[in-house]
Amino acid sequence: GGGTGGGGASAGPIKLTDGKLVLAVINDQSAVYAELSGKNAVEAVKMAVEDFKAKYGENVFGGTVDVITADHQNKPDLASSKAQEFYERSNADVIFDVPTSSAALAIAKVANDEKRLYINITAATTDLTGPQCNKYTFHYAYDTYMLAAGTGVWVTQNVGKSWYIIYPNYAFGQDMEKSFRNAITKTGGTIVASDGSPFPNQTGDFSNLLVKAGSLKPQVLGAMQAGGDLVNVVKQYNQFKLKDQNIQLAIGLLFDTDITALGSDAYAGVVYTTPWVWNMDDQARTFADKFLKRTNIRPTFAHAGNYSAAWQYMDAIRRAGTDDPDAVVKQLEGYKFNDFFIRNGYIRPEDHWVQHDALLAQVKPASDVKEKFDYSKVLGTLKAEQVSRPLSETGCQMPK
Amino acid sequence: MSGRYPRIAMVVGSAVVALVLPRVIYSVLALDILLWALFAMSVDLLVGYVGLLSFGHAAFWGGAAYVAALLARDLRLAFPLAALAGVLAAMALAVPVGYLSIRRRGIYFAMVTLAFAQMLFYLVNELRGVTGGENGVQGVPRLLWGVSVTRPGDFYYAALPLVLLGYLAVYRVTRSPFGHVLAAIRDNEARAQALGYPTPRYKLVAFVLSAGIAGLAGSLYAIGHGFASLDLLHWTTSGTVVLMVVLGGTGTLWGSLVGAAIVLFLRDQLSSVTEASDAVTGAILIAIVLGFRRGLWRSLAALPARAVRRLART
Amino acid sequence: MPPFTTRRTIRSPILARTDGFAVETRGVTKEFAGFRAVNGVDLRLEAGRVHALVGPNGAGKTSLFNLLTGFLKPTSGEVLIFGRDATHLRADEIANLGVARSFQITSLFEQLSALEHVLLALQSATDLGLRFWSSEGALRRFVPRGRELLGEVGLEGAADRLASDLPYGQKRALELAIALAREPRLLLLDEPTSGMGLEDVGRTIALIRQVAGGRTVLLVEHNMGVVAEVAQRVVVMQQGRVIADGPYEAVRHDPAVIAAYLGQVDA
Amino acid sequence: MRRGPRRTSMDLGYATLQVFNGLVNGAFYALLSLGLAVIFGMLRVVNFAHGAFYMLGAFAAYLLQLELGIGFWPALVLAPAAVALVGIAVERLLLRRLYGLDPLYGFLLTFGLTLLIQDGMRVRFGLQGQPYATPTELGGSLSLGAIAYPAYRLFVIAFSLAVCVAVWYAIERTRLGMVVRASIERRDLTRAFGISVDRWVTGTFAFGIALAGLAGVLAAPMRNVSPTMGAEPVILTFAVVVIGGMGSIAGAVVAGFAVGVLASLGAIVNPALENILVFALMAVVLLVRPAGLFGSLEAR
Amino acid sequence: MLEVAGLSAWYGQAQALKKVAFRVDDGELITLVGRNGAGKTTTLRCLVGLHREMEGRIVLGGEEISGWSPERRARAGLGFVPDDRGIYATLTVDENLTLPPQVGPTAWPLDRIYATFPVLRERRRASGAKLSGGEQQILSIARALRMGARILLLDEPTEGLAPVLVQQLREMLLDAKREGLTALLVEQNLRFATAVADRHYLLAQGEIVETLDNAAVAVRERELLRHLGV
């Protein structure tokens, strides 16, 4: 892979403020999101550093480049103290990834206090570019608005207009519910009912909501759960045979790992939105092959997003000629670019949302799966503007 | 302790250690150790001195943390006041919880407190309008009458007097006439009752005091880290603090400090050494239960005596 | 339940004075899951005397003890202690009326020293107990009296030993010391000499005699030697009821008592 | 909670189905708390690791399927047996050293064991769910009058009820329960009465663990098979056990089903109630009957 | 029947028994007397295998059993009434009685036990914890009888018993002896001991200091009482 972005002042030798560049990855390495980003996201960032050096010369930064990492176990307190420690003690210049919205919001706050960069990749909350936006935080890859604008709209238009939404009752789920509600009603659909499921769900049981779905008889059951919860919902959706009652399943956020957990037949036909699929085209596949060689798995969009974000961050330093955070922010703001992950990319200066095209994909039945991790078929592209929250709706007051 | 001088030396020594600690280890970790130790002492106050193993002390640590964090953020209270409010909230919560829990003892007490803490966990999660649910209470300022103590290193020193006050409180309670009655109740409750002590009242007071101490630690922890989260209320938090107490040795307040330091230090180090830090923690706990039931502090403290005895024999 | 008047039937001439009772029970009954361990007992203990409670095993002596001291709640009936209705009081409240007891099975604080036991008992008469803010130095004023008490029961040398390390006989002596520390007006002792060697039995007899001065004492004993030596009055129970009541010599020859409890000869 | 306009018309069928859902959840509570009660009642050990063994049961079924192609029905026997073997090792190597000590040590040891097992499985298998299919024989739905309900779930209810009754009979009506209770209460003395304590105790522990494993196998086709699947249920089970009365076999079963149904009915009003209701119920029981519905305070 | 030689026992550093030796022949009833702490209980615990810090020979019916596990010794015919009664609090009276296996032909059937000890029959469904002190003592003795042991080891069985029961116990032991019972009895109550036993071993500070027969006890009663007391 590599950046194909053009423009930007390509200054001479780069001056690092403290003689070295430290890229930090804070994410979940031991709990529910460990598979979809985790240690392999760290590998992705390391790959980006190596590739960047290969392209621009080993000594491009005139100093060492370190990649450091910490496990936040999805705990916002741990995330924030790790971030604090990284910025302060390890002189980290930037933090990447941070799945789990609460942890991401906590780190955004630290970044702002410490005046260092934070580029979010795996957290979905729109608050990062909304009320809690700040000068040093960027939101890459995807957010709940994108998912709703894709899946919510398409399913309402093509599958059914009446929805029953079930969502895990916490920040992420509520944000998803709100985004989907907006998207669906705007498209002319109706929401018959929407229920929050307890989070965490102690028993892994969702049968009450599915039974309720059976009696509400909506055309679409919108499941906003993620990870293990989602797997349970889908398992039980199939057990209660809701499909036979013509209640179609729509899923808010789907990762390949969720499909692996049940096999793709359990999901067959489900349409979902994703920023990226590893075999969407040659450029993506080239990266995916390289990644497979290194990690033995195909990259999720979180892995690819980490690579891409790290690359773009380093490129901004290269253009700025310094790693001074304010200078780097200036380089990033308003930047237009393309790479193997981001298509039609544009970093909005107003809220730091990195807008780009997304994909509409559909899970294939097991019989169509040709190689490992080849679960989905791309149905089409969603235009960047279409899946980006209008600036008027963000509520972000970006401090200058 | 034998004489007066060793005790004074110990107090002075620990004060010096407390003052220079942030120069030796990362100040956030240093404060964490002191606060978890205080938390562990509050649990030890019950386990070691009343014989009640609370497996739900996260409720008081976390409950107070939420109250303190919300007050500091929304009313912009200076942190000592916010912490005081946290303490009071924890004690208020401890009254009904304690009233119900002390009806059982031994393992039942552990399970009942555990369940109550989980109930609070879900309750706080559901009251997300106030508590922020999974997001927790974020962006808590560290205010000290107008001054904002932004740097963690500064906050360490700002909080130190309160922490030491907490230690002193625990020390005093265990070595008060009240503490003696607690020890008696631990050994033989019926007998204590026959001596005219209304034991339920004593147990309840001890429970509430312990909750207050845990609340102090929790409040300062939340303010120090700038927020309160659900994790502070989760049963694993209760488990961790019990682990610290048992590791250090029940009924020895110093043990709590040793236990807290070891667990936090290990956690800090392990996360970069091994993938399975929980498994290591679990293995340590198993080893302690099987091999060092008296706790590290007592085992260590007994070493010199044992060495002397061995020398004497040869 | 029989009407109030019939319950005042006076069994023993000694009990003619109704105002001097340390303990009075009226039709006290205790049922355990349908089994009546104590069955309508009217007991009157005259202030200042030593009473023995004897009876076959399972007669309900310990249960009655527990009813008097608040460790059990009667199914029906009333308990009056020093004229106060104590039926619904908790164990600690009854203790604070001036009642001290020992237990049939030794019951001490394993990890406290002998002296600490006595201090704890002395302290219980004050309001120091709940003072979690004051220093333990406040207890120092009890030490002289504490040592004195230990001396009285022959434990002066064992003041600093842990209760769990004491031999059986000394444990029982310590129990006695704690009971005495509370300066009780009513002293209840459940088998104080059981498991003791002859020497300790002798000492205990002397001690009970000594402390009995001015106090009401009720002791349960199977050792008739002890009963004969110390008790001024003997109450005999069988199957939850009182079957005899009077001075030792009188009770000893009561045929019902012989059949139910004493057996043919000495023992 | 937002409510759809069509709610009223569906209430009755919905409520009935919720009762069934409650029974399914109750079946799991009952099996888990039954195992806990057997172990506690006889060994005086509160097995914190019960949830971990439940998880191991599900994984055993999954691995049997994956590695040996062994399906659900044989797994129903084999997986609990495999878990029981682990239980035997745990009892022989660890728990055995704690008998006669304060039961809190057993609690702490099994807490440590939970961390060890759970984290060990995570390192080996990761946290993502593992697939396990519903047995084809039970893939369909049964219609019960006007409503239909998945056959597999009905099977879970019936099967666990049968197991509970059998266990109750074995413990209350045969020599087994008595011998093991005696062995735990006075381990050495019981040996001096000619009873091979070790074998009985190990057997009982393994049996209680096998019940957890069995619950795990039953859960595999319905719930996410992952290393943390047992972490939360075990806490709920504690509440159930307190409600039923610790160590009471009948209490565990009755409270298990009752709590399941009650929580599900609560969920009709508000899904969030499901979690809180159980603990609130526990508080009420403690207030009015501290020993639990079927417990006795004497055996504390 | 039972022969003990060179039996020493320790509690940590402290030696509780010093080369104790004695024998109990078939059909004999022997007592071990001595003041508190002499080592009587320790001796019995060594015999049944509950005290492990020991050395010495224990021979039961010609077989050396000191290496055996407690359960094996019990099945070989040792019946034990411990000094703390050893009642199972969580088992009912019935269960307490039927718990140990019946190991010999002289095992008492339940009916006989309940006929002999009517107190127990009344409480047969009550749990052990709820029995009075004396009832527990009786239950403990009854349990040993029910096992049908070849030799009974009784540790202070009269402790806490009402006089009438002490007499009953005496009659019962005498009856059983006529039926061929062999027993080793630990007693502080000399009267009781002389009434039922054939021979007495006097234990002091872990050593057997004297062997006495009933006649000798009668003659030296005062001296012995002093010895036991002081």
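Note that the chains are named A, B, C, D and E in the order they appear, and that numbering of residues resets to 1 at the start of each chain.
By our rule, a residue touches a chain if its C-beta (ideal position, glycine included) is under 8 Å from a C-beta of that chain, and two chains touch if they have at least 3 such contacts.
The model shown is predicted, which means the values in this text are computed figures rather than measured ones.
Note on connectivity: the fewest steps through touching chains from chain D to chain E is 1. Any chain touching chain C that also touches chain D appears here: B, E. The chain with its Cα centre farthest from the Cα centre of chain E is A.
More C-beta pairs touch across one of A-D and A-B than the other; that pair is A-D.
With centres taken as mean Cα positions, chain E sits 78 Å from chain A.
Separating the CA-averaged centres of chain B and chain C is a span of 43 Å.
Mean C-alpha position of chain C lies 31 Å from that of chain E.
Of all residues in chain E, those touching 2 or more other chains are 130, listed in ascending order. Those residues of chain D in touch with two or more other chains are numbered 119, 122, 235, 272, 275. The multi-chain contact residues of chain A, meaning those touching 2 or more other chains, are 30, 169, 198.
The full set of touching chain pairs reads A-B, A-D, B-C, B-D, C-E, D-E. Those residues of chain D lying in contact with chain B across their complex are 40, 46, 94, 97-98, 101-105, 107-109, 111-120, 122-123, 235, 238-239, 241-242, 246, 272, 275-276, 279-280, 282-283, 286-287, 290, 300. Contact residues on chain B toward chain D in their complex (touch as defined above): 53, 55, 100-101, 103-108, 110-112, 114-116, 118-119, 122-123, 126, 235, 239, 242-243, 246, 275-279, 281-286, 289-290, 293. By the touch criterion stated above, chain B contacts chain C in their complex at residues 172-173, 175-181, 183-184, 186-188, 190-199, 201-202, 205, 209.
Chain C contributes residues 69, 71, 90-93, 95-96, 100-101, 103, 107-112, 116, 119-121, 123-125, 128-136, 138-139, 178, 182 to its touches with chain B in the complex.
Contacts from chain D toward chain E in the complex involve residues 178-179, 181-182, 185-186, 188-197, 298-299.
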